[in-house]
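Next, two complexes with chain A in common: one pairs it with chain B, the other with chain C.
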Partner chain A sequence: MGAKRKLLKGYRGGLLGSPLKWLIANIVAWTIGVLWVLPFIGIFMTSIRPFSEVVSGWWSVSPFTPTLKNYVDALFNPMFSLLRGFMNSFIIAVPSTIIPVMLAALAAYAFARFSFPIKNYLFVTMLFLMAAPQQMTIIPIFFMLNNMRLLNTYLGLILIHSSWGIPWITFFLRNYFSMLPKELEEIARVDGATNRQIFFKIVLPISLPGIISASVLQFAWVWNDFFFALMLIFDPNKMVITQMLPRLKGQYQIDWGLLSSGSVLAMIVPLIVYIIFNKYYMGGFRGWAMKK
Partner chain B sequence: MARVFLENVVKKFGKVVAVNHVTLEVKDKEFMVLLGPSGCGKSTTLRLIAGLETPDEGKIWIGDRLVNEIDPTKRNVAMVFQSYALYPHMTVYRNIEFPLKMARVPKEERRRKVIEVAKFLGIEDLLNRYPKQLSGGQQQRVALARAIVREPEVFLLDEPLSNLDAKLRVKMRFELRRLLHDELQITTIYVTHDQVEAMTMADKIAVMNAGKIMQVGSPIDVFEKPANIFVAGFIGVPPMSFFEGTLIEKQKSLFLDLGSVLFRIPKTYYSALHPHVGSEIVMGIRPQDIKVTLEPQEDSYEGKIVGYEPLGTETYIHFTINGTKEYIAVIPRGMRISLKRKVYWKSNPQKLYFFRKSTGEAIY
Partner chain C sequence: MKARGSILSKFSFLIPSFILIIIFVIYPIVATIILSFNINPVPGIDITKGKPIGAENYYEVLLSFKFINRHGLETLSFPMGAIIHNIIWIALHLPLTIILGLLLATLFQHVKGGSIIRSFIFLGMVIPMIVGGLLIQFSFDKDLGVVNLFLKITGLEWAARSWTIYPNTALFSLILGSVWLWTGFTVTIYSAGLASIPKETIEAAVVDGADFKTILFKIIVPQLKPVTITVIAMTILWDLKIFDIVYASTLGGPGGASMVLALLMYDYFARVQNYPMAATVATILTIVILPVVVIWVRMITRGK
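Let's look at the complex of A and B:
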């Protein structure tokens, strides 16, 4: 009896119904969770140990000599310095997050609250074009940037990421804005606020969770992007971290330690961003809920 | 201070006519209550005055200005919503200050006014809190303070008491009236579906139904002299009992043919009702004016109890005459009744109402 009670300590009844269902749901959730986390553990284990220890698999734990050598090597690699990639990624990702979120917020508010001709057609067209894969658009983008002399520049990549981000952020924030209580905006209008004041003083501050979750997603997306960077940046000094990673592989023999420490470094940034804004991020997810 | 005048105002949402040719005058300093069931267009009327909706037809005047084309920003009205609509990211102070800030009032003066209003409403201790840290009653005061602070010409309140618990509602009802009407003397338009609020607070009540104004008058007027069946049935608790039948004349006396019973209509109504002999009419009696006894008495009719609601001070009984339609009467506490019991009822002969069945208009 005692053991059973202990096992079911977290059980609160309610949504999941009977204790058995609760147990099954938990087992399923934990299984998926473990399967999901396992590769990360593997990469992490590989990254903090000398190459000789992990040749037979990261799961062999003796001997176990933790070291930061792989990290130092990756960051200060004379050929392909990850530190440089880190900085380049930041230079690209920060403006590529701020610019589209700002522009899309304005557009989203217009879609959510104002009526203008062809509004719905415009919105549907935008959604429709979101379905276009990057690979389909890359050739015209390449030539366009080339003509604008923006190929192989930070600005070119920032512009492409920004324009790629605007549609989905508009969609996301439009849904978020249309779920805000209209009365707040109405009372502000009666109180004498103009549309611009309503947007900046009322709507934006109360939409912070939505703005933040859109920003976190966009940042992670730009940070993790490989394809656009690969096609549009060739100067090794301007390469972003995702471009640097494969180069750590080495030409004749793969240094798994170096590669995995590089991977950990590359994914740690979106992870930290996510952890910092976790509270807002989850709250902001109602932006995905479809609502007219 | 200003008079508000709506002239033949129409507002449609798609095919639904929410406000249907409404003409209404609210005099300067008057406390007007728009009363009606949900969806009758009373809130839309209020929003039209505020400028949150644009009328499809008609004219709206505030003071001497035709405001049809004037933005809500510039109408100098203040509004309180049922949900209070406090800005959740601002402190109470910032909430109250907001309209002044929008009007570009200098900072020092803003501060003075906010504190003055806060003291007036007894919320000066709450100025640094956020709306979610306040109780319903406190939130409501903040919403009021925000509306009062810039001294609007017209006050618009949309069911401001509905979110409060019953006890607080009764208290605030009294306070609001004193504050807005007696102390500030601002023209006020107050929307509610609660007739008790309407009766206790209003100088005048405009009863609305299906987008139309059914009657405008003082609380006593709409209670004593309802213009039609709707008003008669809507005002008064419990609702008026209606007896439908054909008006017939026998030996110089009028009777209402209720099917199994011929109800004798008192002589006082003879001249008013005589032109309607032969047509279908509806007689209304307020439950308080129906006297129910256990034994037959002079001029009483038989009935059967089909349900009762004891309220403590009195009891509402539901009875039928011939088994189909239910009528309500109020009986004093202590009377011994039970379901299906036979009772006898008679009406107060001075308190009968008569309406045309076809149009619902009052005859007497």
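Let's look at the complex of A and C:
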């Protein structure tokens, strides 16, 4: 009786009817959850073992010889050093987060609080740009950066990522600023503060959660991006990690040892960001996907 | 609140953003459209390769077997052409991911540790899509893949193969993989939507003796209609822009059997190096997504 009660502690009745149904629902839900992460477990298991051990499936655990060889091979690969790629991804992603968040915050405040001519047109333009495919911009960008001697440079890619991020961050922060209480700003205005002072001294400090959400998502987006880097960076010393991964595949036989450790290295940063900033990440994600 | 200050002080908030957007987003979009008609939009270098001005590129793309492969369509074999592959992608991925998302979100609301399982499923949204593509290829691999392990366990050993390397299964395996990756999105959005339905509504229905099916279709689904429109729009846009997954796993192959629009554009740009044709494919891709974007923009602006 006691055991049964303990088992059913989470049971709240309602939609699922009887306790038995509730128990079955739990089993089904957890089975699905585990099945869903199997590919992640698989790639991790493959990455920490010699390839000869997993050729007939990573789930066979005897013998099981953990080794870091795949990681060393990937990090110090003579052609595409993932250590280099890892650092390049940071060099690209950090400024490509700070610049657009700063600029878009200003624009977002204008959209949230000011009235000015063509405001609605500009806002709708932003929305359309949010949905544009990257392919639609890349050819002129390629030749423009070439003319500016910025092709195949960090700065060129950072400029493109920053510009590309501005529309969605503006949209996101506009929604955030719109929901803030206006009283403080009004009092400050009565006291003679300028727009700029109000924004930097009052609005920005209380909007920190929104700014963090936008930064976290933009950082993850830039880190995860592949297309812009693929088109604009060719020098193996400047390539970002997502860009190097497909090149580790090899011509004829896929080297899953190398590729599995490479995959883990490429996804570890966004995963850590997701775990550490979970509240902001999910808040930002919902704010981005759903209108408020 | 009517903010005071001159127009200039207000616009000074917008100017830095718009300078970047105009140079690196708006101008390139306009230039891509111009280039698709063989008019050179970039100063200093002619990238039209001297083709005559006109809509020639559009005929060429629309009639190309890479865009629509009539032979493939008639014999129902791959490749069928990039646009058809994108349509198949939407036709399978959209219903699957929406039904799964709704069912799982409902299920996870009522089980212990539902939020933990939800964050498991969300992982597909967190990782780089290039890794997503590799994970799909890995999981469909004949020896290493967990998909074939299940086939072997369930006695379907004859079906075990490296799914991504055969023309007739490459696209389907990628689509199934994309369901695996994207359902994190639908589950999360539907969970947020479900949380906003008042508990009393459902409890009252339970007291009145309504069964699960009635509650689902009479209460939950109608309440989630606005959320569903968002989910559908976002999913279609994602399906049409799909690139990284295909690049990482099959590169559009074998023999074009998993080619999609976004990758076809890249193919014209990088391999064929025909920039006006690449611009044309990009413009066609944009035209295809435009109705969805318009619906989505309308929904957002009407909500205010």
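The rule we apply is simple: the second predicted complex is superposed on the first by the 242 of 292 C-alpha atoms of A that agree within 3 Å, B and C clash if a C-alpha of one lies under 4 Å from a C-alpha of the other, contacts with A are read in each partner's own complex, and residues count from 1 in each chain.
The rule we apply is simple: a residue touches a chain if its C-beta (ideal position, glycine included) is under 8 Å from a C-beta of that chain, and two chains touch if they have at least 3 such contacts.
On a predicted model such as this, the values are computed, not experimentally measured, just so you know.
In the superposed model, more residues of chain A are touched by C than by the other of chain B and chain C.
Touch criterion met: A:I202 reaches chain B, while chain C stays clear of it. In the superposition on chain A, contact of A:L106 is made with chain C only, not with chain B. Legend: residue contacts after superposition of the two complexes on their common chain; A:A188 is shown touching chain B, with no touch to chain C.
Of the two partner chains placed by the overlay, only chain C lies in contact with A:F226; chain B stays clear of it.
Of the two partner chains, neither chain B nor chain C is touched by A:L68.
Within chain A, the residues touched by chain B in the first complex and by chain C in the second are 186, 189, 194. Residue ranges of chain C in contact with chain A, taken from their complex: 1-5, 7, 9-14, 16-18, 20-21, 23-29, 31-32, 35, 41-45, 47, 104, 106-108, 110-114, 116-117, 119-121, 123, 125-131, 134-139, 141, 143-144, 146, 149, 180, 185, 188-189, 192, 202-203, 206, 212, 215, 227, 230, 234, 237, 240-241, 243-244, 247-248, 262, 265-266, 269-270, 275, 278-279, 281-283, 285-286, 289, 292-293, 296-297, 299-301, 303.
The part of chain B that touches chain A in the complex is made up of residues 50-52, 71-75, 77-79, 81, 83, 85, 87-89, 98-99, 102-103, 146, 150, 156. Listed in rising order, the residues of chain A touching chain C in the complex are 10, 12-17, 22, 25-26, 28-30, 32-34, 36-40, 42-43, 46, 54-59, 100, 103-104, 106-107, 109-110, 113-117, 120, 122-125, 127-129, 131-141, 143-144, 146-147, 159-160, 162-164, 166-167, 170, 182, 185-186, 189, 194-196, 199, 220, 223-227, 230-231, 242, 245-246, 254, 256, 259-260, 263, 266-267, 270-271, 274, 278, 282, 285-286, 289-291. The residues of chain A lying in touch with chain B in their complex are 181, 183-184, 186-194, 197, 202, 205-206, 208.
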